Structures are given as structure tokens and as C-alpha cells.
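Here it is, the structure, as C-alpha cells.
Chain lettering (A, B, C and D) follows the sequence in which the chains are written, and residue indices restart at 1 in each chain.
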Amino acid sequence: MINKLVPSLSEAVKDVKDGSVVMLSGFGQAGSPIELIHALIDQGASDLTVVSNNTGSGHVGLASLIEHRRVKKMICSFPRTTHSTVFPELYSNGEIELELVPQGTLAERIRAGGAGIPAFYTPASVDTPLEEGKERRTFNGRSYVLEYGIEADFSFVKCEGADRYGNLVYNKTARNFGPIMCTAAENTVVQTKKMVDLGDLDPEAVVTPGIFVNRIVEINQPLDESQLIAENWRYPWH
Amino acid sequence: MALENNKQEWTKGEMAQNVALDIPDGSYVNLGIGMPEMVADYVPEGREVIYHTENGLLGMGPEPEQGKEDPELINAGKKYVTAITGACYFHHADSFTMIRGKHIDFCVLGAYQVSEQGDLANWTLGKPGAVPAVGGAMDLVAGVKNIFVITRHTTKQGKPKIVRDCQLPLTGKGVVKRIYTDLAILDVTQQGLMVKEMAPGISFEALQNKTDAQLKMP
Amino acid sequence: MINKLVPSLSEAVKDVKDGSVVMLSGFGQAGSPIELIHALIDQGASDLTVVSNNTGSGHVGLASLIEHRRVKKMICSFPRTTHSTVFPELYSNGEIELELVPQGTLAERIRAGGAGIPAFYTPASVDTPLEEGKERRTFNGRSYVLEYGIEADFSFVKCEGADRYGNLVYNKTARNFGPIMCTAAENTVVQTKKMVDLGDLDPEAVVTPGIFVNRIVEINQPLDESQLIAENWRYPWH
Amino acid sequence: MALENNKQEWTKGEMAQNVALDIPDGSYVNLGIGMPEMVADYVPEGREVIYHTENGLLGMGPEPEQGKEDPELINAGKKYVTAITGACYFHHADSFTMIRGKHIDFCVLGAYQVSEQGDLANWTLGKPGAVPAVGGAMDLVAGVKNIFVITRHTTKQGKPKIVRDCQLPLTGKGVVKRIYTDLAILDVTQQGLMVKEMAPGISFEALQNKTDAQLKMP
């Protein structure tokens, strides 16, 4: 019988290894799998390459993972936000690598990784400093650059509802990178606000088909990152 | 046909069962049109296997009862099917993300010819003037983790289908992992075609005689 | 005010031109916009390049369009089905061109066309006769071929429900090529079984966002192709 | 600042209104972070304009009432927003299909510099050690049908932002179609920068004096 629900966060993240490539869903706070990230801090893997749109805020979630020096390299489109201090500081000191990718290219590279497309051409970044090192090619008189699919060892994704097959639905703009990251990892680990019975999700409205999901952990009341930041929390809690 | 010792070759049902026994619980499986579809009838008790059909359904169920057919619920062979509880629908690009992106565990396909290197020819006989049609076959062999072939060991004319080199146009090169025929189960390995199992009563010599490719016993 | 509903089929297809590239949704009968195709026959445009998974059956829908000698070239993955005689006959006589594309490559080329991706690499067709004329390239030790996005002048798509913004939902496996074809055409023309009020479609369950749709025509009771074929109908009716 | 004849340059609101007037009924529009967001406040009566935010919402509505903020309903600037009736959600790859695939009609962006060829620099000042952040800007300028820039005509230090050639790192080359400043509306054409409209009371000479690029009257 198929049942992808695992009993604990530690079980869900147990086999991340030093050097793993880990995708983290979310656009800012929305869709960020904060409990899975904290479990990963507890688990201890380091030298990670993290693929995520941002670099976290305050001293919780992804910012805390970076602060714990677990991240060797960030692949992202927007490494600073209002309350991000951890990444900028390490970056200025040359203590963390950054691969800056235009947001649409990042999304398309993740989708390509999940779809068995090794590389594709896109017009974004042509004639800009981010074209540097990329192969340029002309189609129908317009210039494009070659970009490569990204595959990860793990994707950590937050969603709204899941069933035991791994079918997922999301909430509003917390969907963002979740569905494509589910497709692009060897192991996709999901935290859901609720587990539902098989058949409770409308087959026409499932966003992530279960085939893309390996493990699910139920976190009914996920932490509110902006509240934690406003109250100056740090993970581990103190 | 009768084999030595009055034993029989495997029936179609037994061939399909041989395949089904090799598909573990929890697998995602795409079944080709024709004999491969029979595999779904032989899933052993206690195993849950999810069927993908490339026209946009994960969780394909059995044929509908008569009178309950829905022309908008069909499989890749355009036959009426049902959807199991927990199924979902998606569009063609997402469907081939599953295929090309190595998310499907097993694909069971028919064959015109399979070579000892695992080359597969199953999409066209290449006859001049005939309409070629490829469908999803080339994507499936390029993207599914394990390609199983289920086929009669020889053509109706008695010619070997398991060959040294495919004469017919290829669907993919070096893609087949295991071959299930009415006479044997063969593994494609770096050392060549290994006989994993033979139908009861057939000898290795008789099997080799019906096979163009060189067979090996493990 | 945005209202993409048009009053008639003839209005919906009025500006197709000789030589247009037209995508037709559907996988066999499921999802085939048969009323729009018949309206196109009446409209009269010829020398069309048609992108569709199959080539139609019997003497209705796409088969009838082909039989009327309006189609110069088919781009498809599976040009024969149980009841298809029109295309095979013309093809054998060299009276229609065929670009045979593996089904996943066809889907991805349409998606790429809609997504502003001019070209991508795929493993499908490598080392087969369909690799002929394609550029081959190795990534991480594996061979791939270069494939190009397809853009159309028109997409004709059948769906289940639509609102005046053009948001669409589909029915079961009739979804197939519809959503990607909606993205890949200059003009996307949709036939829907029902028009619904704005707000009636769940924003989490919309499959095609309205931005991809230009015109909608409501056909409450679309023809049943297999029944027409069983009863030997031909379009125009006789 | 006061202009000749005691007339004033356009206010931010007037600048946003100038943009809004040029966006036809039924348009799909993406608004950049900051001043561009104000454009939504000036849609003329009777026009229906649909806002896209690249983090996965088509049909973005105004700010929520206080106390009704939803941390999972935000815009690209990570501000709380609402969704209009008829809105829909989608993932990031689909969102950038809309952008890259030329489905969005207008994008209104801020700028550090715009050149007379329509080159845009708006993502980084390129200072050593600073953290570069690009977001969706390069995709937007590469894919949206019409790129409008809304910006002060000069920097706070009075330096021209409309320049012969951008000194700052580019977001895209030859991408801007029209520039809305507090002093003028400028069209990027093959003949150069055409003055479409000037703020009341400013002379062409005064405008040219505050502009590094060569301006032309149509």
C-alpha cells in the first residue's frame, strides 16, 4: 500500500547528506517550508547547495540555515529582502557562493530539470552582465542564451493539503516554486497543513500529482515567519 | 505450440503475470497498447500499483461497465477507462514531464524486434507508402526508468524477434531492460542477453534455436 | 469591460487566413473542438498547417477538413487511428505533407512556443530515424537532439467551463493538449460546454488562466464524434 | 521643484495617471515594485485592466483592509494584496510562460537609467561587495510586449537618468518603449527619443538641459 506520510520531521529529512543539492519552495515567507528547514538544521548536513528564490529573513528558516554555515552556495534570483542580514553579511565577507539567476530562468531551469530537458534557450539576460559565461545563439534573428536544467537531491516544499498518494494542493501565492520543485528532486519532501483522505482532492484540481512526491509530514500550524522576525526569534529557539 | 515433454509455452495471461510479479508495490507504471495492458489484471494481492496514461491521467482504473463509458475518459489506446480514487488529470506537457523526467518506474511495451543490446523496434515496419505513427513510444523509452518488453518470442511466421541487430527502424537504442516472451524471460546485461527463466519444459538449446541473438545462462 | 464570449462560431473563426498555422486540441475524439473545425471548413481558409496529435477519423472534424483539401501539412505524433482513412489515402498519394513528431516532443514544442523558449534539447528520437536532420548534442555523457518551439496563428481548443475573462477548466482526459495550445497561438479560440459567471471557477483550480484566451464560443451539446462515425455522417451533413 | 511660469512638474500621482491613461481596456499588466504600483490607482472609469504578479497570481486586487492580511497572498514586492473576482493562481514556471511568451501587454518598471536606444538599467548599482539581486526584471523586459518606464527625470543629486548610454549594468538592451518622468513623456523610436508630452510650463530647452540623451520634437 502506498502511504507517503512519515511520522516526524526528523524522519522526513534524515538522509540529506553533506554536499546535497536542496531546493526550498517559497517566495519570501509564502510557501517556505520553515519546519522542514529547521529539521534540516537539527539534522546537521552541511556544504549544501540551496536553490531558492530568496535567502531568508531574520534568524529563522533559510536565514538560520545559512547562519549555521550549512550552505556552501545559493542559487537564487533575489538574495536580499527587507529583513535579510545573514546572507548579505556572509556574501560580503566572501563566505558563501552566489549564483544569481533571473527569476524566470530559475523557474524554467527547475522545470527543465524535472522534465528531462537538459538545456534550453531563453532571451532573459542577453546583453546584460548575467550573460557572462553563457553560450549565445540566434534564432529567427533574435539572441538567446543557453541555460541548463537543475536537478536536486532533495526538494522541501510546503503545501496546503495532501493525500497518501502524495497528490498536493496549495494555498494562493504560496504555490509559487512548489509544484516545479516537486518534479526536480530525487527526493521530494513535503510539509502539508492537512492530510486528507484519498478521494477528497478533486482530480481536476490536484496541482502536484503524487508521482512527484516521496514523503509527507503533517504540520497543522506552521510557524509564521514574519511574526517570528518581528519578535526577534532565532532558531534554535532563544 | 507444444514444447518438449508435452509442456506448453506460457500463455498470454502467464506472460502478463510474469511481468506483474516483477513490479513492486507502489510503482508508477505505463502500459503500452495491446498485450501490455493485460499486466494490470495480474497485480498480486496486497500491491498497489498506479497506472499512468500519457494522455493525461495518473491512476487509470479498469474498463468501465457497459453503458458507463465516458468519451472524455480514455487511455493512450483511445479505449474507455475509469479513474481510481486518488487519480488526477493533467495536460500533455505535464504528462511527458512524468515520462521524460524519469518519474515513471516501469513501462511495458510490445515489440517488433529487440536486439541483444536492448535496442527496440516497435513503432513502424518501415514499409514504403505506409503511414508512420510514433505516438509516445520514443519518449517512453528515453525517459522511463525500466523498460520491459512483452512479446511473442517469434513472429507468426516463426522468425525470431529477439535478434542480434534490429533490422526495423529503431524506437530507441539500448533501452530495454528485460524481455518477457512466451518461452523465456531475458535480461539485457552488459554481458549480453541472460536467460532469467524459461517456460516449463523448454531446453536452452530449443530456446536458442528460436532466437537470433546469442543467449547466455547466468 | 473584458468579455471574450463571441456570439457565433463563424465570428469565432472569421479571420483564419490561407496559409495559417492552426493548432487543434484533442487526443482522438477527447477534447477535439469539432464545431470549431466545421466552422473552419465553412469559413474556407486553405493551405493550412495543422498541429494536432492525430489526423481525425471518419469524415467529420479534422478528417473532413483534410478531405476538403484545406490542409497542406500535418504536424502530429500519430496520424492513423482505427477509423482514419482520409489522411492515409492523401498521404500515400503524396497529396499532404507530414511532420511526424514524438508525442512528448510535440507537447514540449508547443509548450516552448507558448513560453518564449525558441529551442530545447530532448532525448526522445536519438538514434532513431526521426533524429534525421536534427542537431545532436551531448550533456553529461548522454545524447540529445535540438527541437524548436512551435507557435501558431490560431489554436482551437475545446473545454468544459469558461468565464468571461477566458479562465478555463477541462473535463478528464479531454484536457490533453488544450492548455498548452492555448499558450502557443496568436489567437486562441475556445469552445466551451458552458459559460459560467466570473467567480464561479475556483481560483486554485483554473487550468488555463484567461490571459491565454482570446475568444470563446459556447457549444452546450457538442457533437459526439464516435457516434457520427458509427452512423457514417460526413461534414457538411449528408 | 518649480518650473518656469511658476508651473510645477508632474506629481507622482500625475505621472502614474499618465501611464494609466495609455493602458487600454482589457490589458494584462505587470507593475514593478515602488512607483509603478501607483498606476493601478488611476485606471480610468470603464476600463478593466488585469494585473499579473510574477509570484503566481493573475487578477491582483488592491491592498487588503487592516487585519485581513494573508501572509500567503502577496505580490512580487512581498506586500499583502487581494485577489479580484475572476483571479487565478499558478506556479512560477507558468507565471513566466505568461511573461516570456509575450502574453503580458504592458510592464511598468522603475529605472536607474534609460538610454536613448531604450536600454534599461534598473537592477543593480553594481557597487563592489553589494549583494546583486535581479528578480524577474530581465525576464519582464525580454518578454512583455510593451515596457514602460516611470521615473524621476533626474536623480536626487540632479544627474540625468535619461542618458546617451547607460553606465550602470543593463537589465536589457533596446527594450523600453516609453518613458514617463515628472517632466515629460518620451517615446523611444528608431529616430531617437521623441518628446510626446511635456509637463505644463516646461520648455524643450529646459527639458533638454536636464537630459543627457538627445531629445527630438516630433
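Side notes on the structure shown:
Note that a residue touches a chain if its C-beta (ideal position, glycine included) is under 8 Å from a C-beta of that chain, and two chains touch if they have at least 3 such contacts.
Since the structure is predicted, the reported quantities are computational estimates derived from the model, not experimental observations.
Chain pairs B-C and A-B differ in how many C-beta pairs they share in contact, with the greater number at B-C. For the pair subunit A and subunit D, the distance between C-alpha centroids works out to 29 Å. Centroids of subunit B and subunit D (each the mean of its C-alpha atoms) stand 56 Å apart.
Spacing of subunit A relative to subunit B, judged by their CA centroids, is 36 angstrom.
Annotation for subunit D: residues touching 2 or more other chains are 83, 89-90, 93, 96, 99-100, 142-143. Of all residues in subunit A, those that touch two or more other chains are 108, 111, 115-117, 122-123, 170-172, 204, 207.
With chains as nodes and touching pairs as edges, the resulting graph is of another kind, matching none of line, ring, star or complete. Those chain pairs judged to touch are A-B, A-C, A-D, B-C, C-D.
Within the complex formed with subunit B, the subunit A residues making contact are 1-2, 111, 113-117, 163-165, 167, 183, 198-199, 201, 203-204, 206, 209-212.
The touching residues of subunit B, when paired with subunit A in their complex, are 25-26, 28, 46, 48, 50, 52, 58-59, 83, 85-90, 93-94, 96-104, 142-143.
Note for the complex: subunit C touches subunit B at residues 27-31, 53, 77-82, 87-88, 91-92, 98, 100-108, 110-111, 122-130, 170-180, 207, 224-226.
Residues of subunit D touching subunit A in their complex: 53-57, 70-75, 78, 83, 89-93, 95-96, 99-100, 126, 129, 131-139, 142-143, 169-173. Residues 108, 112, 115-123, 139-140, 142, 144, 148, 169-172, 202, 204-205, 207 of subunit A are the ones that touch subunit C when the two sit in their complex.
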